[in-house]
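Labels run A, B, C and D following the written order; every chain starts at residue 1.
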Amino acid sequence: MAGVTRLIAARVGMGLVTLVVISALLFFATDLLPGDVAAALLGPQATPEALATIRATLSLGDPAGMRYVHWLVGVLHGDFGRSLATGRSVVTVLLPRFANTLALAGLAALVSVPLALGLGLAAAMRPGGRLDRLVSTLCLVTISVPEFFIGYLLILIFSVQLGWLPSLAVLSGGMSFVQRLGAVTLPVITLVLVVLAHMLRMTRAALLSVMAAPYIETALLKGLRRRTVVLRHALPNAAAPIIAVIALNLGYLVVGVVVVEVVFVYPGAGQLMVDAVGKRDLPLVQACGLAFATTYVILNLIADVVAILVNPRLRAA
Amino acid sequence: MTAGPLLSIEGLCVHSATGVAIVEAISLELARGEVLGLIGESGAGKSTIGLAALGHVRGDCRITAGRIVLDGMDLRLQSTEGLRRLRGRRVAYVAQSAAAAFNPALRLIDQICEGPVRHGLMSRREAEARTIDNFRVLGLPDPAHFGRRYAHQVSGGQLQRAMAVMAMSCGPDLLVLDEPTTALDVTTQIDVLAHLKELIAGAGTAALYISHDLAVVAQIADRLLVLRHGRLVETGPTEEILARPQTAYARALVAERTGVALAQPAQTDAASASREASRPATAVPAAILDVQGLAVRYGRQDALSDASFALAPGETLAVIGESGSGKTSLAYAVCGLVPGHAGRVSLGGTPLAPGYADRNREQLRRLQLVFQLPDVALNPRQRIGSLVGRPAQFYFGMRGAALAQRVAELLGLVGLDPALAARRPGELSGGQKQRVCIARALAAEPDVLVCDEVTAALDPLIAEQILQLQRRLQEQLGLAYLFITHDLATVRRIAHRVLVLWRGRVVALGPTGHVLREREHPYVRQLCASEPKMRRGWLEETLARRADPSTV
Amino acid sequence: MSAARGPSPESRPSGASRGWLRFAASGAPLVALILAAAALAPWVAPYGEAQFVGGVWDPPNLQHWLGTDNLGRDMFTRLLFGARNTVTLAALATVLAFGLGVTLGFCAAAVGGWVDALVSRAIEILLSVPVLISALMVLSVLGNSLPVLIATIGLLESTRVYTIARAVARGIVVREFVAAARLRGEGLAWVLVREILPNALAPLAAEGGLRFSFIFLFVASLSFLGLGIQPPAADWGSMVRENAQAINFGLAAPLYPATAIALLTIGVNRLVDHYLAAEARP
Amino acid sequence: MSPPLERRDFLRAAALCGTAGALGGIASLSGCAVPDGSGDTTGMLRIGMAGGSTSDSLDPRTYVDWMPINIGYQLMNGLVEIDDQGRAVPELLESWEPQGDARVWTFTLRQGIVFHNGKSLTPEDVIYSLNLHRGHTPSAAQAVVENIVGLRKLDARRIEITLQGADAELPATLSDYRLLVVPDGFADWAHPIGTGAYTLEVFEPGVRCITRKVGGYWKPNAGHVEAIQVLGIGDAIARTNALISGQVDVINRIDGRTADLLRRNSRFQVIRSQTGQYAVFAMNCEAEPYAKADIRLALKYAIDRERLLKTLLNGYGMVGNDQPIPPNNPYFATDLARHAYDPDQARHHLRNAGREGLEVTLEVSDAAFFGALDAAILYQAAAKEAGITLNVRRRPADGYWSAVWMQAPFCGSYSDGRTTVDAAFAKAYKSTSASNETRWHRPEFDRLANLARGELDPARRRELYGVCQHMICDDGGALIPLFMDHIEAGSDKVRGWKPSAIYDLMGQRIGERVWLA
C-alpha cells in the first residue's frame, strides 16, 4: 500500500499548487473584466461621488497584486474575506449554497451511476440485443438536446401538465424531507439524463473491449454463464476507464450545472458564482472557484485511488 | 458413458465471415484415455479443430458443415445452455499462453475453483482441497498458499501448470491442450510436459494435444494427425509417422526436427565445427563491436552483471540463456535502449553513449536492432514500401524513383516479392513480416545487426528459412550478428562463437563447437541435455538423468 | 480520464454484412443532407436569413412549411441558415480543439517527464473552473465576435480532447515500432505524425463524434448567458433558446431546431461508427 | 457460441423517439390539472418575481434591484405615496404646503404611528432617514435629494425643507422608493425596523424572503395577508411555470404573449400598468455621425415602431415619440410631430446631412432592456428600407452598464417611469445629469425645465414642459421607440390588485394592498 499513500501525498501536494494557481487565475481574470464592484453595485444611475465613496471603503484603489496578496494572507489565516457586495463573510454566503450544489450533484450521482453501470452491464451482456439498441438510442438522444431544453420539457410535462412535481426547486428550512425531495426531483432527473448517456456509453465500451480479452474466452470455455463472466471477470478489469469517466461526470455535476440552477431556480453555487462574477465580487468569486476546484481535485484523487485498489497488479506495487 | 469413441468429428468445415475456408473435411476419432497429437504450422487450423471439440468458434467464423459428437452428443445440435453445461465438465481447454488466459484481477484459487463449484460438482472447500492436491502433484511451490497469488506474481511455467490444474478441476473426459508449452523455455518445457503426461494418464482423460513442434508431441501423443492449410495431410500411430513419414510435408517436418538438413550440408554437432572453420582464415580482424563490463540493474534487481565480449566484422556471436537470464537486457543495452547501464560499448573503436538519444546519426545507422515479435515491430498503418524505404530516405536522403528501386532491391534481397511494397503489415504472414523487419534494418546498410530472438515466434520451417537468409546476407554483405536466442539448434546452425548467460552472468564464451563440446559450466550441460530429441521415451530418460530436478 | 480507449467495441466487424452496410450507410445520407442544406442555404432558402415574413410562432402553412419563429421569421429558412452557422462554428471549433488537444496530448505522452506533468497540471486547472464561467470571462474581455467565440470554445474543448489523446497516445508510445523509429534517430515530429497519429485515429474519431455534438450544445448554453453568436445570424442552439417559451403554449417551434441537433448528432456519431467498423476490418 | 455483434439499427427509432416524446407531452394549457397547494400555508401571499440577486441588501441606500424594494415597502413606509392615478398622496405625512416660490416647504407628520420596536415616529426619525441619502453617502438617491439644502425640525409635529431651486412637485419627488423612514440613528440593516405592516422573518438575498404580519397597522385597509413570501425567479419561463403549476400566487415581468395565454384561462388574472417605462437607443450627440441633427432625425424615422410594438410586446405598450414623457401623463405634449416609420423622410434627412448610404453600429444586450436584441434586429431590417446599414453588435450582458452604456456611441438603454416630469428630465436630459446618456447639453432646455419645476401654476407648468418635450423630440439624441407596459399576472384568488401608475406590482406595495379570497 506504500505506493498508494505516496500517490495520495503527491496528488494532494499537486492539488494545493493547482488551487493557488486557480485562485490567482480567477482573481486577475475577474479583475480584467470591465467595470468593478462599485459600478455593478450602484447600477447605471450611480453618481460619481457615490462610486468614489464605495471604492474608498472597499479599498478598490490598491493595485490588483496587493489586493490578491492581502487576500491570500487572509486565507492562510482561515479568513476567506468578506463579500464586497453585502459585507457578509464569504464563507457564510457560500456554504449553504455549495451544500445545495453538492446535495443535488450527490443525488444525481446516486441515481445516474448505478443506472449507468446497470444498463451498461446489461447492454454488454447481449451486445446488439434489443436492450442494447434501446439504451444506445436513449444515449444519443439525451446527448444531443441542450440541458435547459430537457429541463423545460420536464417542467412542462410533470409540473405544468400533470402537476405531480413542483417546478421550483426552492429549499426552505421548514420543508419536510419528502417535500425537499419532491422539490429537487425534476432537476435531479435533468442532470441524470445529461450525464447518464456519457457514463453509459463509456461503461459499455470499456466492458465490450475487455470482453474481447483471452481470459474471457477461457472463462466462457469453463462453462460459466455469460452473466457470471461479465460480472466476475469483465467488470473488475473494466473498472479503471469506468471510474475515470464517472469522476469526470461527477465533476460536471458539481462544476457545470449553472444552466440547470437557473431553469429550476435552485439556490446552488453555480448561480452564485455567475452573480459574483457579474458583480465583480472578487472574494466571492475566489471562494466559489476554490470550492469547485477543490471538489474537482478530490474527485480525481478518489478516482485514481479507487482505480488502483481495484487493480491487484497496481495495488501490490 | 456410451460405447464407441469418446469424440468423433466427421467432415468438419469452418469458414471465416469473409468466406475463407479455415478447416475443410476434417474427420477424426478419439477413444477414451487416448492422446491424439494435432501437428502443423500456424494457420493450419489446429486450434480451430481443438475449439470445435468444445463447440466454440473464434471471432466471426462459422462451422459450415460436419458433425462433432462428444460421448454420443452432437455439439452442433446443443442449445447454448446445453453447450455451457458440457464445457469445463465434460471437455476442458488449456490455452497456449497461460499468462493471457488467467484473469489478472482475480486470485488463481478463485479462478480454478470457480468451474467445479458453478457446475455444482462440489463445495468450495472440497474444490480448494482438490486444487491444492493437484498443485502438489504438479510440483508447484508451497501448494497450500500458491492459489492466493495473482497471475502476474507467478512464472510462465508455474502458470501453465496452474492452467492444467484448472482444466482438470472438473475431471473432464476430454482435454484440449492448445500448444501448452510453446511459450516456455526449453528447460521449463520439460517439467510441464512431464507433469501434463502424468496428469492425463493418472485421470484416464483423453486429450487432443496441439503443437507445431513434432519433438514435443512425439513425447506425449499415441497417434498423430498432420495438418496443412486446414486439410488433413497424414495420420497414424506416432512411431509410424516418425519412422516412415509418407507425404513430403510430413517428411519435411520430421527432417527439420532430427537435424537432417534438406539441401544443406548436415548440421549436426560436426556441422557447427565446419561452420566455425568457414570463417575467413585471415588473422582475427579488429572487433567491430567491443563491450567491456556491461551491467544493467532494474530497481533492486541485477538483470545483467559484468558482461564483456567482442564481435568481429562478418562474425555471428550468439547469446543464449533462459528468459530472465539478461540476454534481452544485454541486446537492448548495446542498442542504447537502457541508458542507465554501466560499462562501455564501442562501435568500430569509438565508445558509444549509453542512451540512443545521445548517439549521432552515423552510430545509430551502423547498429540496427531486429525485434522478436514482427507483429509489433512494424507500424500497422504504414505500407511495407515506406517501412523498408524510410531508413534509406532518412540516412541517405534517397527520394522518388531511386528510393523505390532500392526498396524493390531490398525486398528481393530478403526473398520477398517487391509487389508487397504496396501492402500493409496486417496482410502478411509472420515469416514475411520478419523478412520485412530485416529488410528495413538492411536499408540502413549497418555493420552490426542485433537480432533479439528473431525466429522464436516463427514456425520451425519458416525459422529455418530466416536463418539461411541471414547466413546468405552475412556472406554477401559482411554483416556482423549479435544473435539472441534460447534455442540451441539455432546456435549450432548459425553462430561462429557463443556466449552463455545464466541469471545475468556470463558462464561461457567461445567458439560454438568448443563450448558445446566441453560444457564446463553445469548450466551449459543442462542446456544441451534439455533439447527434445525425436524419439519416444526421451522425456523419461532426461528426467531420470537430470542432476538436480529443482533447477527450474 | 486515464482510460486508454482502443477502437470502440462496436467497431468489431459485425455479423451479416448486408445489415451492417444498410445500417451504417444510414448515418452518411443524414449528415450529407445537413451538409448540403448548410452549403446551399442562401440559394435554397425560401426567404432571407433575417427576413420578417409573418406573425410570431405562426403554425406551419403552405408558405412556411415549419411555421415562423419568435420574431416572425420563416423557421425553415432559419433552420437552413442555422445549419450553415452551426456546422461551420462546430466544425472549426472541433478542428481547433482537436488540433490543440491532440498535439499537446501526444507530446505529453511521447516526451513524458516534466512536460507531461506541467501540461497536465495546466489542463487540470482549466478543467476545474466551470466551463461557462471561463467562457464568460474570456468573451467578456475579448468581446464575442465569431473568431473569438470559435477560439474560446476550441480552447475549452481542447482540454477534454487532451485527456483522451494523452491516454490513447500513452498506449501507443510503449509499442515496439515506436522504439524502432526512435532508435533510428527519428525526431519527435515524425514519431507523432507518422507513428502515433495513424494508430490513434480510431479512438480519437469516436471521441470526435461526441465532441462535435457537445460543441453546438455549448453554443446553446452560451446564448443562455447572452454570449452566443452575433444576431441576426441563426444557430440551432440559440434557436432552441429563443423559441423555448413556445413550448408553454403547446407550440412545436423549439422542437424543430432541437430535432435538427438530435439528427445531426446521431448522423455524425453513426458516421464515426461506420468509419470505426471500416477501420477495424484490416 | 457468443452471438456475433450485430450492427445496431436504431436510426429510425432515435428520430421517432426524439420528436414524439417531446410533442406527446404538449396539451393545450386550458385543460391543465389543478395542482395540490403543496406547502401553501393559509393566508400567505406567495410572490415570484424577477429582479433579485445574491448581493441584495435591505439598506435603502443600496437599492438597485426590485426585490429589496418590494420587501422594503413591506417592512417600512415612505413619506409620500403615489396613488393609482399618479397623484402624490401623504403616507407617514399628514399634510404639506409650500411657502411663496415653492423653495421652502413645511411638512406635518401623521400622529400616533409606532415603529416595530415600540418607538413612536418623530421628526428626528424623518430627518435622520432623509440625511442617509445626503452628503457623503454611497446612496444613488443622492441625485434625487440633491436639491434639498436645508432640513429643519420646526416642532414635535412639523419639519421644514429648504430647496436650492424651486420644485412645485417636491412631494412627488419625496415618494422615491429609497426614502424610507427608520428610527433615528438606526444602522442594523440586516434587521430593518420600520412602521410597515410586516416584520422580517427570513431573508436569503436573491432567493427567498418571508415577512409576517405585525398587526395594528396604522394605514387603513392595508396589510391584509398573514404573511408574504417573495421568491427570486430570474428566468421568465420558470416564473410562468411556477404560476401555472400553482407554486406562487403572483409573478411579475411577463411578456405580451404569455399575458394573452394566461388571459384565456379563468384561473388567472393579468394586470397591465402603463408607468412610462421606456426603451431607448441612445445616440452620443457629441460623436460623429450623431452630432448632426439630420442624422439623428433620419435614424428616428428609420425605425418601425408599430411593428416593434406588435412583434416584441404583442401590443402591451405604447408607441414612443423620442421623448421620455408617456402619452398617459397629464403633461404629455399632444402637439408633438409623430416620428412614424417613414423611409423617405429618413432618406430626406440623410441627403440634408450629405450621408447617403449611412452605416452605423448599434450595440445592444438583453441587459439593456427585455427584448433589446430582438428590437435591434427588427430595427436593422426597417433601417435597410431607408437606405441605412445598421450593424447590430451583441454585447455580453455581464458588465454591460459599465463597458457599453455611455461608452458606445449608439447603444441600447432603459428608464423606468419617474414620479415627476422633472425627475425624468433630470435623469438623462439636463446637462448637469451624470447619466445624460445622449450627451445632449442644451442650457436653454435646463433653464426651461428648472423654470417649469418651480412653476406652481399647473397650466403654465404644462406649457413649459411641452416646449421641453419638443426640444428633446426634435433635437435630442434619444430614439425612444416604445413605452413598455409592466405586465404581471397571478391567480384569481388574489383580490384588490389594480394597475399602478409607477413601477410594477402596485408600485411594489402589492404586499400590503392585496388580500387572498
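Rule of thumb we're sticking to: a contact is a pair of C-beta atoms (placed from the backbone, for glycine too) under 8 Å apart; a residue touches a chain by one contact, two chains touch by 3 or more.
Computed from a predicted structure; not experimentally measured.
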Contact-richer chain pair [A-D vs B-C]: A-D
Most distant chain from subunit C, judged by the mean position of its C-alpha atoms: B
Need the CA-centroid distance for the pair subunit A / subunit D, whole Å please. 37
For subunit B paired with subunit C, centre-to-centre distance based on mean C-alpha positions, whole Å: 47
So how far apart, in whole Å, are subunit A and subunit C when each is placed at the average of its C-alpha atoms? 22
For subunit A paired with subunit B, centre-to-centre distance based on mean C-alpha positions, whole Å: 51
Mark out which residues of subunit B touch at least two other chains, giving numbers and ranges. 56, 60
Listing for subunit D: what residues touch at least two other chains? 4-9, 14, 18, 22, 26-27, 29, 237, 241, 244, 398-399, 403
Where subunit C touches two or more other chains simultaneously, the residues are 9-10, 12-15, 136, 140, 225, 244, 247-248, 258, 262, 266
The subunit D residues in contact with subunit C across the complex are 4-9, 11, 14-15, 18-19, 22-23, 26-29, 236-237, 240-241, 244, 255, 257-258, 261, 307, 311, 314, 365-367, 373-374, 376-378, 380-381, 392-399, 403
Could you list, by residue number, the parts of subunit B that touch subunit C in their complex? 17, 60, 335-337, 356-357, 359, 361, 364-365, 369, 371, 373, 376-382, 390-391, 394, 424, 426-427, 440, 444
Which bits of subunit A are touching subunit D when the two form their complex? 33-36, 39-50, 53-54, 57, 83, 85-87, 93, 97, 126-129, 132-134, 136-138, 140-141, 144-145, 152-153, 155-157, 159-163, 166-168, 170, 172-173, 175, 179, 182, 220, 226, 262-265, 267, 271-272, 275-281
Taking the touch rule as given, give the residues of subunit C at its contact with subunit B in the complex, in rising order. 13, 15, 17, 175-177, 179-186, 194-195, 198-199, 282
Per the touch rule, the subunit A residues reaching subunit C in their complex are 14, 17-18, 21-22, 25-26, 29-30, 32-34, 127-128, 140-141, 143-149, 152-153, 156, 160, 198, 201-202, 204-206, 208-209, 211-212, 240-242, 244-245, 248, 251, 255-256, 258-259, 262, 270, 273-274, 277, 289, 292-293, 296-297, 300, 304, 307
